[in-house]
Amino acid sequence: MDILNAFVALANFVIVPALAYGSQLALGALGVTLIYAILRFSNFAHGDTMAWGTMCAVLATWGLQAAGIGLGPLPTALLAIPVGIAGAAVLVLATDRVVYRFYREQKAKPVILVIVSMGIMFVYNGLTRFVIGPDDQNFADGERFLISARDFKALTGLDEGLAIKTTQALTVVVALITVALLFWFLNRTRTGKSMRAYSDNEDLALLSGINPERVVTVTWLIVAALATIAGVLYGLDKSFKPFTYFQLLLPIFAAAIVGGIGNPLGAIAGGFVIAFSEVGITYAWKKFLTYFLPESMAPDGLVQLLSTDYKFAVSFVILVIVLLFRPTGLFKGQTI
Amino acid sequence: MIRVENLHRHFGGFRAVDGASLEIAKGSITGLVGPNGAGKTTLFNVVAGALAPTSGRVLMDGEDISGLPPHELFHKGLLRTFQIAHEFSSMSCRENLMMVPGSQSGESLWNAIFGRGRIAEEEAMLLKKADEVLDFLTISHLKDEKAGNLSGGQKKLLELGRTMMVDAKIVFLDEVGAGVNRTLLNTIGDAILRLNQERGYTFCMIEHDMDFIGRLCDPVIVMAEGKVLAEGTVDEIKANEAVIEAYLGTGLKNKEMIGG
Amino acid sequence: MSGETYGDRGNKDRSITNPAGMGDAWPVKPGGAAHAAPGGPFLIGEAMTGGYGKGADILHGCTIAVERGEIAVIVGPNGAGKSTAMKAVFGMLDLRSGSVRLDGEDITALSPQDRVRRGMGFVPQVRNIFPSMTVEENLEMGAFIRKDDFRDTMEQVYTLFPILRDKRRQAAGELSGGQRQQVAVGRALMTRPKVLMLDEPTAGVSPIVMDELFDRILEVARTGIPILMVEQNARQALEIADKGYVLVQGGNAFTGTGKDLLADPEVRRSFLGG
Amino acid sequence: DDAKIGVILGFTGPIESLTPSMAGSAELALAEINESGNFLENVTLVPVRADSTCIDSAAATAAAERLVTTDGVVAIMGADCSGVTGAVLSNVALPNGVPMISPSATSPALSAAEDNGLFFRTSPSDARQGEVLAGILGERGISSVAVTYTNNDYGKGFADAFEAAFKAEGGEITLAAPHEDGKADYSAEVGALASAGGDALVVLGYSDQGGKGMIQASLDTGAFDTFALGDGMYSDALLADLGNDIDGSFGSVPWAEGEGAEKFKAVAEAGGVNSESSYTRESYDAAALIALAMAKGGEPSSAAVAANILDVANAPGEPILPGELGKALEILKNGGDIDYVGATNVELIGPGEAAGTYRYYEIKDGAFETVSFK
Amino acid sequence: MTRTIGLFALVAALILGTGFLQSWNSALIILNMGLVSAIMALGVNLQWGLAGLFNVGVMGFVAVGGLAVVLVSMAPVPEAWDAGGPRVIGAILFGIGVVVAAVLAWKKLGKGVRGWAVAAITVAGFFAYRALLDPAVDAIEAVNPAATGYLGGLGLPVLLAWPIGGVMAAGVAWAIGKTALGLRSDYLAIATLGIAEIIIAVLKNEDWLARGVKNVIGLPRPVPYEIDLQADPGFVETAGNLGLDATTASTLAVKLGYSLLFTAVLVVLLILAQLALKSPWGRMMRAIRDNETAAEAMGKDVTRRHLQIFVLGCALCGMAGAMMTTLDGQLTPGTYQPLRYTFLIWVMVIVGGSGNNLGAVLGGFLIWFLWVQVEPMGQFVMNLVTSGMADGSAVKAHLQDSVQHMRLLTMGVILLLVLRFAPRGLLPEK
């Protein structure tokens, strides 16, 4: 029984949250990785793209809620995702036309695009706040829990509860479906293969009759979709606030790189590595050990490796260590 | 001069160099040939320090140099050129040459700022030398041109020129001839011969053009599948059945089709 | 140089940028249309002048052409603009003047993709495969524009280059130099081109593979596909050529049949190495 | 004539979501003064906004410098975050002799800052509230708590004060873990706090920032269900978002015992400002004090403001509530004395900071219910 | 050359214009931070323009410089030292020892055991370190936490903190460079990004060091205080003679004092940087940047040189950080944000022209000027836009409310415009 309690506590405070957070990071990292692989630069504006897409979805959600349309136990925002994706797509495609395409045609080196994307980041930053303001926005509805801690305790009679939120489950499921779809798309469909070809060798793609502008457009569309899905799921689980989305950029980059930037599977793995290292390393094992060990050996202290102040630092240390041993990330080799 | 003993270099499970042993005599121009993927470039990379050997040893004048980084090998007099030209593209041809000599006192930051006088003297000498080399290579009209703007063959000449800025003991040339116009290649060949005869450089060169090899090299070493397949003079090699089968071939089969 | 304008500063940091596979072609902007221009050779790039981006002109009124069923070979010193001329014919370069005509149509304004659709196949000098895709996917990409069933064409390519059949599941980047060249030629054949352009297909390959490639090229040419080819192994190439061009500094220096050029002492001394 | 008042707040940056309401409240007060018609003759108060960014001292200093030397503001309402406030104070206000009243810089360290009598604040130093909150816990008989605080000078100073007071009462703190505002995820913090245990979680953060995130995550995982809340957590938005889930939680918030807060709510709502956002009350009071001090001094000058703030803020005099600024001006005009009470029961003590009376509230049926005043 | 002079004249005109149109105080304050920014940009330019190293951890080194000011110039807190000073020092020395031991073990031991050995050393060492450190930290932080609660500094003149800030940043950079520059695919960027976050985390959470998020305020100054000047009759008289009132004169005098100090530092650094760039050393660095493999084959020790220039660049950032903290008069770890202290510096370097020291300096001034002035610019634009609209319309109100967000937007648009029309920067490398 105590052992069960120990593991339920661990699952409740480490495994479930880290899985959900990892999936959120992974969805973000997928977008970053795709741009890196196909458009060849690290997109600093990705966090703000997520914010913009989510904002569109939030506005649409409010509209739906006002019209009384809902999904029952599931959040209404799911219905609004297409609107968000459309909004994000319009924004990124317009940006591409006005800004990125110029540099592509000039054969600008990728690092110029990195700096350009910083400029875009500033602009998106202002745009999002201009429309919806800088505040926290609540747009979640539907059933909050798949199973709440209280219900779990009542159900099992254990001392420890296990809570699984609808949004958490949703995030994990969506992340897995998305990466599977993306994988299928890139490896099995003609368009997907043409994207990989473009990423591999731009000029030869041209010589094979692949229209590069079409590849770029499709990439941005997918990125807009990924960014919006990631942003909406994150916003449902936590809350929507433009500034937080900018802050998400760092762990997202870390996830993409630790997994092997340019590789979709790596993005997923990287997301989980970062999430588990943030949540796991700073976990105080006291409760777990108290259940796990005989009473006489129960710990006095918290049995915490590092205080949570350093959780972000820890994930970066892990990142550097991973890179020391696997210089191209967990999933090395081919990009995309 | 250089002795390679039972050298292995693996990539994952793949054995690019698989127990090669060979020797390069002082003062020789040794040719290294072999089918594509035989491991020639990999062998070069290991000898020149760009790759660590998986096992085996490389000796230079009896001293074990395996695993030393390239810049240390340079100071021991071992130079190499690259299969694909590695010029410093945003620097002028002159600068490309002037940067070569090691242990310039101006390369220390302290001297660079506080020892301007001594540096000026050194620089004058380097400049003179660089101009001589450019003359020798018949590209002195390009001395202020950015190296990135040179044509493929000129870049290869520049690579060769770098080896002349210092007193190299042994120079490794990786396919100087590939994609180079044959007339230019003859010039390069002349330059190599002169360096060998006048300055006593030892050369080891990878090449697929058997005419070029024939003009310059003795002996020739043939590699295949990471191992040494044969060794001898050009004529011996050309007559070797195994080499013909793996590498040289017997000429066009469709000769009768020529001319429609 | 044009590349310099937007150059990075030698940065190789893989967490920031991904230089792999970046192109350096300056393709004709899409949107142009072809128009009829009857007569003349099957494929001709006539009086072409142009360069990369905003850089200086590399080609100065250069003309190259190939007739049905022929092999035309271009030779010349390094940096003469041979590859540039090939790219110009394929529309990967903005021409400042001159025209490109294919099969009785003026295609100067067409984008490279559209030229592929009109039956042109091209194997560039460098970076002519998709390294991280398998051999089979490389071939599929060759057939990207085809809507019909291309399995029999793939079968033909495999028959032509049997080694590729064995390596079909392997990433093309893992092949040796000669095998890569075969993949590259195979990929171009997959479009079922009406004309094939090859840029130094034999550079850096061993003698045995070189002979093999020349054999295959002859075979392809004899099936009726005209071939336009740049070669530094000029003597072998000119031997099989119906027509030869010598390019110098972006312009035509000598033109003639392969045999003529081989026999010209001036050409031999200056360009073929004596 | 226009008398300009600088409103320097972090309109961009981490607290960008709070600042519009804060600035709005301050401007409400100024508008009220202007509309009353009882202010100094021919003088209109004009607010001039500037961005403190909350985090970039250099940018804040430059902005403040512009306010003072270009726009010629006579007083500054701001800054917001303690870091930039200190920088503006020592680099701009002090050298130029311009008084500033911060509505939200609560760091105890600012009490000791060199200020030449130019720096005031309408929010109490956190040292005081720490004791109050500890007292409330003692009253409720809670002896073991976990603490989480926002990782800035406010949170840290508050937590230090609380810890000291709570331990002095014999309470046990199982773990005090900071949380960063605006970060992506708080599972790690909640996990550690849950493992440490405690009868309640003391949350010293912001209601629309990490503080809410921490409560949310604690509720979701069932780690804690009772929360003791610092002033930064008091907001209707928190109730709206978390609803009945936090019933039984309680906290302290600087508050006027009388109708000050209610009055402010009415005034703010009429003015279209969200009164429940953090530090809106303090902002209103800060701006009002500046204006009243000016009126008392009889001239729109920095010196007049600096000299008279303590006078108008404290007894003796007629108590003044929000919405009654016109009345106050009239009293002053007639040579009377006022005691500005405002929305937060202003009482400036020591070096010019709010003494702070606090409302001890409990959340019942999804609403704040006053238990007592401290 | 004319372009260089022209652009610098433009920046001068912008700053002078600020003086005429806004106020001389504003102009000087922009100039001062511009000088500091220029030094940071110079440091980044050394790394990026000269060596192609992508350092995205500028913020961390700036913060280390700031820490140096506290450690050098604040008065020591004797009670805190008594409470646990020696023990903290001991713990830190022990920590360094553990790291050294781990590195040695990795280098000396055989392949099979070294992983385990290093793991064992670090884990055991870590717990021992914590056991040593924690009680001392608790004791120190308990000493009057509201006002001190830290060890204080050495009480030395604050000007000393500038070089020391550089040295401290260089030390940190050395440790990072040793690790990150060894990564095979060159992941310097992400490593520095992370390390900068770690440095800030340490500054925020190690209260015993510099009060953490509670900030250290009232740092000593290298120039007099305005109020002292205002109280000095001699000064007031001189000011009067110049036709200035004492307050304005004192604020201007103090800022001018900083300007002179900063200018002196910048000029010296710029001259040194130019000398280095135009020497065989600079040629070698450019060669390394152009082609590492070839430079290595030409006998240049690329890793060592990368480390050297990384350390140098970071030292400049550290020094600039110390100067900035001195100018602010306080250390506020919470204010260090990558957007402001890393990305903005990058923008300066790229807009100015990477590879050109003068370009970086120009970028430093120009971008800083914009960063400060886009706020009024945004307001101006917004006023222009809304001027035609009816008062009280919802659109107008919304636009007016959003005016602050125009600041970042304007910044982004300007950056994009510059990159569009001067893609190699305003003063490109020749």
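When the chains are written out, they are named A, B, C, D and E in that same order, and each has its own residue count from 1.
Just so we're on the same page, a contact is a pair of C-beta atoms (placed from the backbone, for glycine too) under 8 Å apart; a residue touches a chain by one contact, two chains touch by 3 or more.
In UniProt terms the chains read A, E = Branched-chain amino acid ABC transporter permease; B, C = ABC transporter ATP-binding protein.
Just so it is clear, the structure is predicted and the values come from calculations on it, not from any experiment.
Colleague: Spelling it out: a chain qualifies if it touches chain B and also touches chain E; which chains qualify?
Modeller: For chain B paired with chain E, the chains in contact with each are C, in label order.
Colleague: Would you kindly count the fewest steps from chain C to chain D, each step being a jump to a chain that touches the current one?
Modeller: 2
Colleague: Treat each pair of touching chains as one step and give the shortest count from chain D to chain E.
Modeller: Minimum number of steps from chain D to chain E: 1.
Colleague: Starting from the Cα centroid of chain E, hunt down the chain whose centroid lies farthest away.
Modeller: Farthest chain from chain E, going by C-alpha centroids: C.
Colleague: When the C-alpha atoms of chain B and chain C are each averaged to a single point, how far apart are the two points in Å?
Modeller: 29
Colleague: Mind checking the centre-to-centre distance between chain A and chain E? Centres are C-alpha means, answer in whole Å.
Modeller: For chain A versus chain E, the centre distance works out to 31 Å.
Colleague: Could you grab the centroid distance between chain A and chain C? Build each centroid from C-alpha atoms only and quote it in angstrom.
Modeller: Their C-alpha centroids are separated by 43 Å.
Colleague: With chain centres defined as C-alpha means, what is the inter-centre distance between chain C and chain E in Å?
Modeller: 52
Colleague: If I count partner chains per residue in chain D, which residues reach a count of at least 2?
Modeller: As it turns out, chain D has residues touching two or more other chains at 12-13, 16, 20, 151, 178.
Colleague: Chain B: which residues touch two or more other chains?
Modeller: Those would be 90.
Colleague: Which residues does chain A have that touch at least 2 chains other than itself?
Modeller: Answer for chain A, listing residues that touch two or more other chains: 103, 106, 108, 111-112, 129, 133-134, 253, 257, 307, 309, 312, 328.
Colleague: Run through the chains and report each pair that touches.
Modeller: So, checking each combination of chains, I get A-C, A-D, A-E, B-C, B-E, C-E, D-E as the touching pairs.
Colleague: If you look only at chain C, which of its residues touch chain B in the complex?
Modeller: Spelled out, the residues of chain C in touch with chain B are 1, 3-4, 7, 69, 76-80, 125, 175-179, 200, 203-212, 214-215, 218-219, 222, 232-235, 239-240, 242, 269-274.
Colleague: Chain E touches which residues of chain D in the complex?
Modeller: 11-13, 16, 20, 49-51, 53-59, 61-63, 65-66, 68-70, 81-84, 86-87, 90-91, 94-97, 107-114, 116, 127, 151-153, 155-157, 160-161, 164, 178
Colleague: Across the complex, what residues on chain E touch chain A?
Modeller: By the definition above, chain E touches chain A via 54, 179-180, 182-185, 187, 190-191, 193-195, 197-198, 201-202, 204-205, 338-339, 343, 346-347, 350, 401-402, 405-413, 415-416, 419-420, 423.
Colleague: Contact residues on chain C for chain E in the complex?
Modeller: The contact residues of chain C facing chain E are 5-16.
Colleague: Can you check the complex and tell me which residues of chain E touch chain B?
Modeller: 272, 275-276, 279-284, 286-287, 290-291, 293-302, 308, 312
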